[in-house]
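Read from first to last, the chains carry the letters A, B and C; within each, the first residue is number 1.
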Amino acid sequence: MNAALQLKDVHKSFGSTKIINGVSLEVRAGERHAIIGPNGAGKSTLYNLISGRFPVSSGKIFLGEEDITGLKPFQINRKGLSRSFQVTNIFHNLSVYENIRCAVLWPAGHHYSFWRRVGGLREVKRRAEETMERIGLAKRRDVPAGVLTYAEQRALEIGITIAGGAGVVLLDEPTAGMSRTETAHAVQLIREVTVGKTLVMVEHDMGVIFDLADRISVLVYGEIIATGAPAEIRANRAVQEAYLGTLHHA
Amino acid sequence: MRYAPVNLGRWVLWGTTVVVFAVAPLVFTSSFALTLLTQMGSFIIFALSYNMLLGQGGMLSFGHAVYSGLGAYIAVHALNLIGKGTVVFPVTLLPLVGGLAGMVFGILFGYVTTRRAGTTFALISLGIGEMVFACVLMFPGFFGGEAGVSTNRVVGKPILGISYGPALQVYYLVAVWCFLSMVAMFALTQTPLGRMANAVRDNPERAEFVGYDTQKVRFLQLVLSAFFAGVSGALSCINFEIVSAENVSAIRSGGVLIATFIGGVPFFFGPILGAIVFIFFVAALSGFTKAWLLYLGLFFVLMVLYAPGGLASLVMMQIPVLRARRFGALLLPYAAAAGAAALAMAGLIGVTEMVYHLSDVSGGTLMTLAGMEFDAKSGVPWAISVSLLVLGLISLHFATRYLARRWAEIKTA
Amino acid sequence: MEFFLVQLLNGISYGLLLFMLSSGLTLVFSLMGVLNFAHASFYMLGAYFAFQVSSEIGFWPALVIAPVLVGLIGMGVERFGLRKVHRFGHVAELLFTFGLAYLIDEAVHLVWGRSAVDYRVPPDLDGPLFSIFTSQYPMYRGFMMLVSVAMLVSIWLALTRTRIGLVIQAALTHPQTVEALGHNVPRVFMLVFGGGAALAGLAGVIGGNAFVTEPGMAASVGPIIFVTVVVGGMGSLAGAFIASLLIGCLQTFAVSLDWPIFGLKLSQVAPVLPYLLMVLLLIVRPKGLMGTREG
């Protein structure tokens, strides 16, 4: 089995504060891998390191066979890794359709072209509309993204992340702030759109995790203390002490 | 933000624009009007190119005159070469030369300026503008020093009767280029680059995470914008037959900024409106009062505070109300606000003009305003002006409250 | 050697003046995220107010009155203008201060006319301080340096040793938290903005008579200050300090030398040098010398 995403002894410090303390992680191709841990464990920082938002202090990150350590976000994205954000990070003034279209343009090969009318790009249109359908926002196509409801914005967030067809998808707390029904919808959506892709997911909702994840890694104070199938993790002593004991259950 | 006129039939609008451009000099026949129209035409291109940076790319530049001015300088030298017979090139296509020159400088300076964004970009653009201005004064060989470089736009034999001697012919040259530039710049907003420029403006971070190098997007947007700025510079060169340091000055850069903002940054047609209003303001008002720059500055600041979407946003705000046929309810509040504003303005103008007159110690204290003659030092005109101003401001306060209430009623009903 | 020392001292005193201006700008930018385009206009107001007060009362009262007046104007600007524009974003704030700079420039034209005013160094400070070889070093330059250093030290002390200073420092990065703790952050902003304006005004009081006091002074010193802030790195006081001294000395030396460059004399090329420095630095080190915050 080959690793879609690999972290090798990654460290990150901000000034004198160590946030990530030697994380090694291997995400297998096609699996759904969850990362859990208490607040402040460094989950968002880890995402920021993988996606290129912050540089690592030391260590290496591999996407498939390629070393992506130190590359810029747009370079990493072009190699096939896409991420969503915990705090919704969409294009507020653009419509739902235009938001998704932005994520399709580069993978569709249109780059910086200023000699083609974007409305006439049929392949782009098809892919964007298809994504809109999948995330259930086709009816809200022309609504400016800033005006959508919170759950709709979270769906759009996921939409932008997968529209480009990236092989490795990182979702950062996709169901944060959602009600029970909204969460159930989101889980179904995530399951559908990540078929055939590698999914890494940071989540706090254990119900979602145990529903979706093939394997779970537990991050505590910048270190991975356990990795394994959900049942193993649930039974793991150290994990229970550090984390699960304090969480709400499914 | 939509960059198309809302539901008004794109062809109708563009067609009307062509008609307006063609017919304008036949309606406004005085030579003063003609010079105004010609200036508006090239300034529209300049302002639209500026909004490619600000409105579409989110880049606030304090040095845009660099591209139009340097384009103008290249164009004026080219024109002089054509005039001497060293080069054969149609004057009609001279704006292309200006545009290409602007584009080259866009590549040169853009490389440095687009490495940073936001406030830093703004300051760097200011620095580059000052640098170019200083350089222009330092090399009088090429730039003609303070006096600038002059030229003659009538070169060679007239083709099909067109020599560009008469002002009317220059107007139509500007009008054609203006229309073509408008179409081109609008078309650019509909391209992948144009769309991503908007995305970079709204959320540069997310744009990176969908695979775009935001610096490259900004760089390309600036280069294209500099092209059109150069076109407007060349047209200005043809119109005025002189290019001087003023063409690259901070004043010119500030002017296009003010004009674009007053017109309305979030809308494609905003800068068009702004260019027309600005030229009118500057040309018409500067003849009447020495304080016109103060009035312009005040108008600008008030727009920033109360209508940051510019005149275009004020116009667009009325459209849904008009369509719902509820505009009648707004007529009285608008009239009240307008009346109050007029009062306040009268008072302000009185005070300002008197202060200006008094500070100019050479002129004595007698002055005329609105056809009335009085002594600026005496108490009566001061009392009248100040009370008009105070009265106007108070009634404006109530009138705007009334207007806001009426708006709220219309929105909820 | 003598020439070098004299010009070095001149360059340092000019650099300190630039730092008085760029530090106020950097403080306001670091705290409120807004770059005050009208900062140089406050400098100009300080000079003109000082001129007015000096002609009627005297220089020493002007040293106190003029900065206070400018500070009050600054507070008013923040309270009634900037605060309104805050919600429209940083671009709108910058545009507001840009329009304000325009207005202040025109208002100064309006009241004091278009030519320079005769704002002079006061007679008791107008004399030699000490001699370097054969040149006399003017007392007023020494006075300028003294005031600059005193002002900057007291600000540093105020920020690090007083309670309001700590509140300001905290509000620099966490304004909402500070507000939740019960501090009146809007009032803090108003004080800081007014303080920055007063600092610029003070610089105007001492600089306006050493250099010329005329309506174009804001437009000529403004871009230099912005270049200083960019070169030093946005948001860094230490960077602003280094950049101010660097540019101060660069300008002073360049203007007084006649070395030939590209068929011109160095003194003629001098106006361009700060901008060239900025461009070169941006190519090599886009963040500036010690940049911390992105605008």
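Here, contacts are C-beta pairs under 8 Å (C-beta built on N, C-alpha and C of every residue); 3 or more make two chains touch, one makes a residue touch a chain.
Since the structure is predicted, the reported quantities are computational estimates derived from the model, not experimental observations.
Asker: When the mean CA coordinate of each chain is compared with the mean CA coordinate of the whole protein, which chain is closest?
Answerer: B
Asker: Going by the touch criterion at the top, tell me which pair is linked by more C-beta contacts: B-C or A-B.
Answerer: More C-beta contacts join the chains of B-C.
Asker: Using mean C-alpha positions as chain centres, tell me how far subunit A is from subunit C in Å, no decimals.
Answerer: 47
Asker: From the C-alpha centre of subunit B to that of subunit C, how far is it in Å?
Answerer: Here the centre of subunit C sits 31 Å away from the centre of subunit B.
Asker: Using CA atom averages as chain centres, what separation in Å is found between subunit A and subunit B?
Answerer: Distance between chain centres, rounded to whole Å: 45 Å.
Asker: State the interface residues of subunit B toward subunit A in the complex, per the touch definition above.
Answerer: 1, 187-188, 190-196, 198-199, 202-203, 205-214, 216-217, 220, 224
Asker: In the complex of these two chains, what residues of subunit A are touching subunit B?
Answerer: Spelled out, the residues of subunit A in touch with subunit B are 51, 53, 72-74, 77-78, 82-83, 85, 89-94, 98, 101-103, 105-107, 110-119, 121, 160, 164.
Asker: Once bound in the complex, which stretches of subunit B touch subunit C?
Answerer: Against subunit C, the touching part of subunit B is residues 54, 58, 60, 62, 112, 115-124, 126-128, 130-131, 134-135, 138, 250, 254, 257-258, 261, 291, 293-294, 296-298, 300-301, 304-305, 308, 352, 355-356, 359-361.
Asker: Any idea which subunit C residues touch subunit B in the complex?
Answerer: For subunit C paired with subunit B, touching residues are 29, 35, 81, 84-85, 88, 90-92, 94-96, 98-100, 102-103, 106-107, 109-113, 219, 223, 226-227, 229-230, 234, 264, 268-269, 271-272, 274-276, 278-279, 282-283, 286, 294-295.
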